[in-house]
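As C-alpha cells, here come the structures.
In the two assemblies presented below, chain A is common to both, partnered first by chain B and then by chain C.
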Partner chain A sequence: METEENSIRALKCEQSVLSRADGSVMFSQGNTVVMASVYGPLEAKIQKELSDRMYIELNYKPKTGMPGVAERGKEKLIKTTCNHIILTNLHPRTAVCITVQEMQDGGTLLAASINAVCLALLDSGLPLQCLVAAVTCLVDKKDRIILDPCISTVKEGYKAMFTFAFDSQKYNLILSHCEGQVPYQLFQKAMVLCQKASHVIFDFYRQAVLRKFSNELL
Partner chain B sequence: MCGSPARTNQNEIEEEKYVPARGDDVIGVVTNKVGESYKVNIGSSEEASLSSIAFPGATKKNKPNIQIGDLVFAKLLIASIDMEPELVCVNSLGENVGLGVLSTSGFLFTVPLHHIRKLLNPECTLLKSLGKALSFEIAVGMNGKIWIKAKSVKQTIALARAISISEHMNKEEMNKLCRKFVDRQAGF
Partner chain C sequence: MATDHKTLQPLEFYKTFLDRKSRPDGRKLLEFRKMTLNAGSIGTADGSAIVKCGNTTVICGIKAELAAPEREEPSKGFIIPNVTLPSLCSSQIKSGPPGETAQAATQFIAELVNNNIIMDLETLCIKVSKWAWVLHCDLLCINLDGSLLDACVMALVAALKNLKLPIVSYDEEMDKLISNPDEKMGFDTIKQPVTSTFSLFDNGILISDPTFEEEQLAAGLTSITMEGTSVTHMYKPGGCTLDEKQVKKLIQQSELKTKEVARLIEEACSSSIAER
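Let's look at the complex of A and B:
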C-alpha cells in the first residue's frame, strides 16, 4: 500500500466577476472550473423565513441539462458546509441565495464547488465563523492514495473516493463524503493527507484577499 | 495565481451589501405608501419605513407631499437585526437638521461602501478641495448613495466622475486629481 504524496492542482480565481451579485467568483482547480455567486442578505419569502437565523438557499447548476438527483445531492452537501461557516444568527428573517454553476468538469466538482462558495462568501462580506477548504482524494484499484485526482484518473476506476472539508481555525473536519469501500486505516491516511493539503488552499484564500484589497489606500 | 479584481468602473458598484446601523444618514428611494408611513428602499435586505410626520413642522393635518420615486436623505432611528429599520428626517427635538426630500434637479449615483467611509473620514480632503473649484450641494448616504447638485449638468457630472474615480487613490493622487479638476474648471 503506497501513498502517492501528490500535491493539489493549480488554483486560480477571479473575484467580483458578476456586477449585480453581492459576491461572486470564478474559481479553477486544475481543469475543474466553477463559478459561484452570493446574493444576500435578502428579504426572505414568508414560508422560508426563520425567526432567529438566516435561511440559506443553494442552487447547483450543471453545465448541460436540467439539475437532477446528483445535483440535489451536491446542493445538500454544500449547504451543510455553509450552515457551519456562515454566522446565520446575525441576520434573522433574511435569506442568502448562493448559486454554483459548473463551467468545466475536470474531476473534483464537489470540492471545487465548496472552495468557490467559500471565496464568493469572502467576496460578499457576509460574516463568517471560519473559512472552509475542501480536498478530494481517491484510492485506486492498486490501493494507492491519489490526492486531487483529475478526470482521467477518476474515469480509470477506483476503490473509493473521499471529499473532506476542513475549517480554517483548527483544521477540524466539517464534511466528509465517501464513495466506495476501504479499510479504516486507509480512510484515516486519506483524511490526514487531505488535511495537510487544505493548508495550501487556505494560503490561496489569503493571497486572493490580499490581492483584492491591495488597491485600497488612503 | 489569483486574478485581479474586476476593474470596469461601472460594474464594481455593488460589492458589499449595506447593513443598517442606528444613527447612519442614508439616501433612500420611496417605493410605497402604507397607511401613515412610507416604505423606503435603502439597499439593505429589508425596506425601511419613514413616518409621514417625521419631518420638521409636520403634524397629522400638515404632512409633506412625498411621491413614490422621491429621494429622501434620512437618519436611521431603529436599526436592529430583528426589526424593520425606521427612518426619520428630524432630530429628537423636531428641528430641521438638513434631512428631508432631495430635489429632482440633483444627480444620484452609487459608490462602494468602503469609499463612502473614506470620503467621510475627516482626514480626507477630496470634497473640500472640490468645493474650492465649484460650489455644489452634496448628500452622502452611508448606504453607498451620493446625491450631488451643482449649477449645471456638466459640472454635476464632472463632480460625480471625480468622486467615483478617486475610489482607489491615495492622498497624493487625490490632491493631483483636485488640482487637475480646479484647472479644468478654470478653463485650462
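Let's look at the complex of A and C:
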C-alpha cells in the first residue's frame, strides 16, 4: 500500500508533435496532460533584447478563458526555472518563445508543465546546462505525505501541497512552491521524498530521448 | 574609474566585492538594511502602514466593506491584496497595465492569504453564508529598491494590526445588520508572518535583503516566510540551485529578521494606539 501511494503516476510523452515548432511535446502524468512548444532562438523584440543573454518568453495558456494573475504566477515560476537550465549566454540578443498549453487538469499542473517544458527543450536541441524534474506532493489531513496526488485526492482537501524542482547534476533544489503550512520537519521530509522521486523522472527523460533517436535511426 | 567599471561590467564589479565578503553599500553579506515602520498614517483608510526597508518604500491602505461570503466557503471573509508598482517607483517599470513583477507580488501575497498565513479568514465572518467583511488591501510601492515582498508583507501585517472596524452584529429577526459607528474594534487573530528575501549567486554565495541592482545581477531569489521560529512558506522561483546546508543557513538568518520585525510592528502599533 505504502509503495503504491508513494510513487509517481504513469508518465507518457510524445516528442515533435508539432511540425512547425523547433521542439514540442505532449506530456502526460496520470490524468494531467500538458502540451509544450519551443520556438527559438528567434530575433528578439527591441525592447526585450538583452545584450548578454537570451530573452525567454513564456506563455501559459489555460484550458478555457484568458490567462489571469494565477497564470502569470505560474509563468514566472516556469520562466525563472528555464532561465537556470538554458545556457542563455550562448545566444545573446535573441529570444526563445515557450508556450505551455494545459490540455487536461488531473492535479499537479505546475509540476507537469515544468517537466513538459524540459522535454520540449530537449526536443528542440537548445543547449542546456542541466535538466529539471518537478515533483508535487501533498500532506493530507492525517499528516500523511502523498506523492504526485491526482485531482480527486487534491479535492478531498489537504493541509499543504508542495511543488519542488531539482536539477539533474546534484539533485539540488531549483524551485520550491508551497500551498498551506505544516511544521518544518514535515516540509523537509516531503522535500527529501520528492528529491528521491525526481530520479524516476530523469530516468523517464533518458528513455524518451533514447526512443526518439532509435526511431530516427530506423 | 570605479563607476566606469560598474557600468561596463556590473557583474564583475559586484563579484570583486563578494570575494572580499562585502557589498558596495558597505553591508556584510548577510546583513539586513535598516527598517522603519509607521502604522496608522492614513486617516481616511480603515487601517494603514508605511514601511521602509533601506530605500524600498511600501504603503498599505485597507478599506473594508461588507458582502455575502462565497457559497463554497460560507464561513470565510475575504482579504483582497493588490500590489501596485507605479512607473515612479523605478526606471525599470513602465506605466500602463500591471507588469509581471506587480502581478507576481500580488499572487504571492494572495497565496499567503489563502493559506491562512496572514490571518484566519473565518474571523472576518459576521453571519455564516450571509455577511462577511471584505478587506481591500492596496499595497503601493513608491520606491522600488529590491526585496519588494519583504516590505509588502510587513506593511500588510502592520496595517491589519492597525485596522479598526465598527462593531457589526446581525439581527436574525429583522434580517439586517446593526452597527454602532462610534464603537470600533480590531482583530486580535492576525498572525505575524515575516518574509525574508535572499539573492543567490552562481558560486554559492548568499546575500540577504538584496537591493534592486543586486536582484538583477543575482542568479536566483528565495523568499522564506516565517512565523516565530517555524517556516510557513518557502518561495523559490527557479534560478540557481540550493543544497540543504544553504537552506538551513537561510532559515537561521530569517529567524533573526523575524525577531527584529516583530519588535518593530509591536512598537509601531502600540504607539499608534496611544496616539488615538
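Note that the second predicted complex is superposed on the first by the 209 of 218 C-alpha atoms of A that agree within 3 Å, B and C clash if a C-alpha of one lies under 4 Å from a C-alpha of the other, contacts with A are read in each partner's own complex, and residues count from 1 in each chain.
Simple rule for what comes next: contacts are C-beta pairs under 8 Å (C-beta built on N, C-alpha and C of every residue); 3 or more make two chains touch, one makes a residue touch a chain.
Note that the coordinates shown come from a computational prediction; the quantities given were computed from them, not determined experimentally.
Visitor: With the two structures overlaid on chain A, would chain B and chain C clash, or do they fit side by side?
Guide: Here the two partners, once superposed via chain A, fit next to each other without clashing.
Visitor: Going by the contact rule set out at the top, does A:L173 touch chain B (first), chain C (second), both, or neither?
Guide: In the superposition, A:L173 contacts chain C only.
Visitor: May I ask you to decide whether A:L87 touches chain B, chain C, both, or neither, giving the answer as first, second, both or neither?
Guide: After superposing on A, A:L87 lies clear of both chain B and chain C.
Visitor: Looking at A:C13, would you say it contacts chain B, chain C, both, or neither? Reply first, second, both or neither.
Guide: first
Visitor: Can A:K76 be said to touch chain B (first), chain C (second), both, or neither?
Guide: second
Visitor: With both complexes overlaid on chain A, does A:Q207 touch chain B (first), chain C (second), both or neither?
Guide: first
Visitor: Given the superposition on chain A, what is the angle at the CA centre of chain A with arms to the CA centres of chain B and chain C, as a multiple of 10 degrees?
Guide: The three centres form an angle at chain A of 130 degrees.
Visitor: Of the two partner chains, chain B (first) and chain C (second), which one does A:G125 touch, if any: first, second, both, or neither?
Guide: A:G125 contacts chain B only, not chain C.
Visitor: In the superposition on the shared chain, how near does any CA atom of chain B get to one of chain C? Answer in angstrom.
Guide: Nearest C-alpha atoms of the two chains are 16 Å apart.
Visitor: Could you give the residue numbers on chain A that contact chain B in one complex and chain C in the other?
Guide: In chain A, no position sits in both the chain B and chain C interfaces.
Visitor: Which residues of chain B touch chain A once you look at their complex with the stated criterion?
Guide: 1-6, 8, 10-17, 19, 44-47, 81-82, 114, 118, 121, 123-124, 168-171
Visitor: How about chain C: which of its residues touch chain A in the complex?
Guide: Chain C reaches chain A through residues 100, 103-104, 106-108, 110-111, 114-117, 219-220, 222, 230-243, 247, 251.
Visitor: Taking the complex as given, what residues does chain A use to touch chain C?
Guide: It comes out as residues 69-70, 72-73, 75-84, 160, 165-167, 170, 172-181, 183-184, 187.
Visitor: Tell me, which parts of chain A touch chain B in their complex?
Guide: Touching chain B: residues 10, 12-17, 19-23, 26, 40-43, 90-94, 123-125, 204, 207-208, 211-212, 215-218 of chain A.
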